[in-house]
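Two complexes are shown next, each including subunit A; its partner changes from subunit B in the first to subunit C in the second.
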Partner chain A sequence: MFAAFMTHTWIAGTLVAMVAGVVGFFVVIRRAAFAAHVLPLGAFPGAAAANLLGVNELFGLVAFAGLGVLGIGQLERWGRREVATALWLAASLALGTLFLSMTRQYSQQVYALLFGEVLGISEAAVVSVAILSVLAIAAMAILFRPLLLDSLSPELCQAAGASSRRMEIAFLGVLAISTAMVLPVVGALMVFSLMVGPASCARALTDEPRSAVLLSVGLSLATVWSAIALSYLSNWPVGFFVGTLGALSYTAGRIYRRFAHPSAALPGRETP
Partner chain B sequence: MTGLHALLAAVLAPGFLANGPVRTALIVGGGTGLVAAVVGVFTVMRGQSFAAHALGDVSSAGGSASYLLGVRPMLGFIGMAILAAAGMEWADIQDARERDLVTGVVLGAGMALTALFLYFDARSGSASGAAISILFGSMFTLPASIAVPALGAGAVAVVTIGALYRPLLVSSLSAELAAAQGTRVRLLGLAHALALALAVSLSAMTVGAILSPALLIGPAATALRLARRPGPAVALASLLGIAAVWGGILLAYDSYYWTPGHGWPVSFFIVFLIFLGYVAANMASGSRTAADVSRAEPHCSRCEQD
Partner chain C sequence: MKSATEVLSIDHLTVALSGRTVLRDVSFSLSPGEFCALIGTNGSGKTTLLKTILGLVRPQSGTIRIATAADRDAASRIGYVPQKISLDPSLPLRARDVVSLGMDGGRLGLPLPSRERRERVDRMLDAVGATGFAERRVGDLSGGQQQRVLIAHALIRRPSLLLLDEPLANLDIRSVAEIVVLLRRLATEYDTAILLSAHDMNPLLPVMDRIVYLANCCAAAGKPEEVVRTEVLSRLYGYHIDVVRVHGRVVVIAAGAPDEIHAAIAKDPIHTAEIP
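So, the complex of A and B:
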């Protein structure tokens, strides 16, 4: 399991888990669950296109995740947000189908992109994952306070001079970058589970934002490490373990909250 | 006449209607387009687009398990979708934020199972390409024997919606109003969820699990944008749904002649037509004068709310 060829996997997995833990916390408190599900899936044709053109997968992923942020923003002006998001997703997945049908190893590639692939991560991939994770963490560190304020009370944030809309775009931008780096490791369908499972559990365990972020990162690391280890031992797909562990940590958080604070309201944006 | 013939010959590639798989695809796909559009109007009005999307994904766990168990994929899709729809309706979470999270987590868990089942499918070697046909659909490989059960399941969904049309409409616009009128809102929600599950499974079988929400949401959202009242919206959505599916099948068939070697996937064309329709409808209605919009407001203000 700790053989030389697994070194890259462990490094990339660790970086991915850290970013997912931090960004996931904001996904949970900003009610961005649908966006966090759609951006990774919408970025998936980017990887397919990159394969087709023979360039680095990450470029395609970043480009399509960025396009997703812009596209959803544009469609959103016309009507309901969730309709806009769902249609954007469908359109980009359809493009992905087309690109993938043009490549040769159709089936295996689809499978790896959707459900993750932990073996055979190259040194170059580790370097680009590292660069993107430094970017994402730095952006989150700068945005931490205004974003937290905006998530808890948009009015207060506006009074402090930060535009709520600009915050939303900035956040979606960070989400896009982290999506692009998390996707190749855990798979497009599982990015969401990794972001939301540990983070929602952490939020249920503590109300203090800083400790919640740390806890979220810790749980996310535990999820990824055990998923890699279990996948290595059983040969089952890593996506299966990430999805299951994500659901388990969410459930654990719910159960804890029900027994520890039966009636306490959690901090977060009020529902309209 | 000769001009018409030439046009038809150019659009309908040779052998289009005589081809067995194409005919099955036209029948099952057309029926699916109709059912998905009718159910979709209520799904969009009730703000359950994400739920519809999640159901499609979760149903793929059933589809992939069916290859392992050796039963019809349709049974797997429907079984899993009904299970998930009933579960989501039973959990009945009022807080929208929490509902999105739960939906997403259920979706993640469902896809985790799909990943595992597809892995077993691939290892058993009995179903190569199962991943593709489950996730992205394979309309031209549907067996002819599927037409009757598929249309039957679709009929159940449409009849359910038709029988509950008025109360469903009222409760979609305002749950409080429906409850005040003595409607059993939860029972109604469950009935809608079951119809949704059937429509999602049919869509998953035809255009694939992860593309299935397009058939449900796209024509319905386009029609709600163009028609001001629910009745015409349902009719228009059905037409758009059928047109998108048939148009997609035709283009996919024709694409064998444009592209060297192999055609483009049929699901790609269907979803793309739906997406184009939605964009075009919004461009058209966006250019209406402000007076038009404000006059139409009383009908539509509720359905545009989040």
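So, the complex of A and C:
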């Protein structure tokens, strides 16, 4: 499991987990779980298009995730956010279907994009993942206070002189970058669970925002490391373990909150 | 009676939202430490007026001047408590964190935790009587407790002007009294002018220095005894109303209303048919 050919896997997995932990915290408190689900699925045709054109998949992923942010942002001006997000999902899946029908790729590679592939991560891929990780985490550190204030109340954010709308777009931008880098490792279907599971558990365990971010990163690392190890040992897809562990940590958080703060656990007031 | 010491002076302010005039020719001013009630029914333009002062709504005409005392930071001249915001109980944010965000929540980058910062937050929490629940999750607090935290959030930068949008709505009677007394004390202690919107003026009668009464897109402003009078409010509404005082409380009665209902019933075909 710690053989030389696994080195890239461990490095990429660790970086991906750290980014998902930090960005996931804001996904959860901003109730952006749906966007975090749709952006990776919407970025998926980007990888297919990149394959068609013979360029690096990551370019396709970043481009389509970026388009997703602009698309959802624009559609949001005309209607409700969920509708805008769902519309984007439908349109991009349609496009993905078309691109897939045009490629002559092995279905193995498509499968890897959807469910994650930990083996065979190249050194170039590790370098690009590292660069994107630094960018994403730096952006979250810079935006930390206004984003937190905006998540508490957009009006308070505006009164403090920070544009609520700009915060939303900046956040979706970071979400797009993170999505593009997390996707090849854990798969388009599982990006969402890695972002939401550990962060929602952390949110239930502590009342202090910075500890929640650190805890979220810790849980995310534990999830990814165990998923890689279990996947290596069992030969089952890494996405299966990421998804299962994500759901487990979310459930654990809910149970803890129910027993530690019974009065506060009002059903229906918590976000998924 | 305009002077350089006024914190806020509004002159002939007219505001329209998507083509509809919401405020017409509104003028009034506030001095440091003054407590002013902004009274009006739902939809009378209270929130619009506060947002215009904040700079979030652009007026059609007129001027708003906000003076800053020499010892205060110009950027933090206005504190704001928005209309009933529901604080999400799943947010991992303590009362203390919300107050701390009031200091520099709009700024980029991570602040270094410092002793000075912590002490400043502690003092502010103490000033609003929130020390007892400072470490609790803000979404789990009661409405009155949340209001105290939001007031501390708005006041920590020592603004010269504090705007509060319906802070007494949805509070029980005891919490209303506590918040009103707290605000009166803070206005004096911090020498901050307070402009507080409400639809009922009664809880504010004992503490307010001035009143701005909004109706019909217009405002009547001045001392309470000058404004809350039958002839002044009748002129503002454009029809006869009565200001009645009962056991120290003020009731504004639109006397024309029953007549207008009778007139409307008479015109309504169904009702006319049923009336023998």
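We adopt the following convention: the second predicted complex is superposed on the first by the 263 of 272 C-alpha atoms of A that agree within 3 Å, B and C clash if a C-alpha of one lies under 4 Å from a C-alpha of the other, contacts with A are read in each partner's own complex, and residues count from 1 in each chain.
Just so it is clear, a contact is a pair of C-beta atoms (placed from the backbone, for glycine too) under 8 Å apart; a residue touches a chain by one contact, two chains touch by 3 or more.
In this text the structure is predicted, and so the values were computed from the model without any measurement.
Participant: Here subunit A is shared; do subunit B and subunit C fit on it together or clash?
Facilitator: After superposition on subunit A, which the two structures share, subunit B sits beside subunit C with no clash.
Participant: Please indicate which partner A:189 is in contact with in the superposed arrangement: first for subunit B, second for subunit C, both, or neither.
Facilitator: Once the two structures are laid over each other on A, A:189 reaches subunit B alone.
Participant: Considering only the touch criterion stated at the top, classify A:91 as touching first (subunit B), second (subunit C), both, or neither.
Facilitator: first
Participant: Of the two partner chains, subunit B (first) and subunit C (second), which one does A:157 touch, if any: first, second, both, or neither?
Facilitator: After superposing on A, A:157 lies in contact with subunit C but is clear of subunit B.
Participant: Would you check which partner chain A:145 touches, where first means subunit B only, second means subunit C only, and both and neither mean what they say?
Facilitator: The second partner, subunit C, only.
Participant: I'd like to know which partner A:45 touches here: subunit B for first, subunit C for second, both or neither.
Facilitator: In the superposition, A:45 touches no partner, neither subunit B nor subunit C.
Participant: As a test of reading the superposition: which chain, subunit B or subunit C, is in touch with more residues of subunit A?
Facilitator: B
Participant: Once the two complexes are overlaid, how big is the angle at subunit A between subunit B and subunit C (Cα centres, nearest 10°)?
Facilitator: With subunit A as the vertex, the angle is 90 degrees.
Participant: What is the contact status of A:203 with respect to subunit B (first) and subunit C (second): first, second, both, or neither?
Facilitator: It touches subunit C, and subunit B stays clear.
Participant: Let me test your reading of the model: by the given contact rule, A:246 touches which partner, first (subunit B), second (subunit C), both or neither?
Facilitator: Touch partner of A:246: subunit B, not subunit C.
Participant: Give, as a whole number of angstrom, the minimum Cα separation of subunit B and subunit C in the superposed three-chain arrangement.
Facilitator: Value for subunit B versus subunit C, nearest C-alpha atoms: 8 Å.
Participant: Using the superposition on A, tell me which residues of subunit A are in contact with subunit B and, in the other complex, with subunit C.
Facilitator: Correct list for subunit A: 269, 271.
Participant: Would you pull the subunit B residues touching subunit A in the complex into a rising list?
Facilitator: 44, 47, 49-50, 52-53, 57, 95-97, 100-101, 103-109, 111-116, 118-119, 122, 128-129, 131-132, 135-136, 208, 210-211, 213-214, 217-218, 221, 225, 262, 264-265, 267-268, 270-272, 274-275, 278, 282, 286, 304, 306
Participant: Quick one: which bits of subunit A touch subunit C in the complex? Just the residue numbers, please.
Facilitator: By the definition above, subunit A touches subunit C via 29, 141-146, 148-149, 151-153, 155-162, 202-204, 206-209, 211-212, 261, 263-264, 266, 269-271.
Participant: Could you please specify the touching residues of subunit A with respect to subunit B in the complex?
Facilitator: Residues 28, 31, 33-34, 36-37, 41, 78-83, 85-87, 89-91, 93-95, 97-98, 101, 106-107, 110-111, 114-115, 187, 189-190, 192-193, 196-197, 200, 236-237, 239-244, 246-247, 250, 268-269, 271-272.
Participant: Using the touch definition up top, name the residues of subunit C that touch subunit A in the complex.
Facilitator: Against subunit A, subunit C makes touches at 54, 56, 75, 78, 80, 82-83, 85, 87-94, 97-98, 101, 104-111, 135-140, 153.
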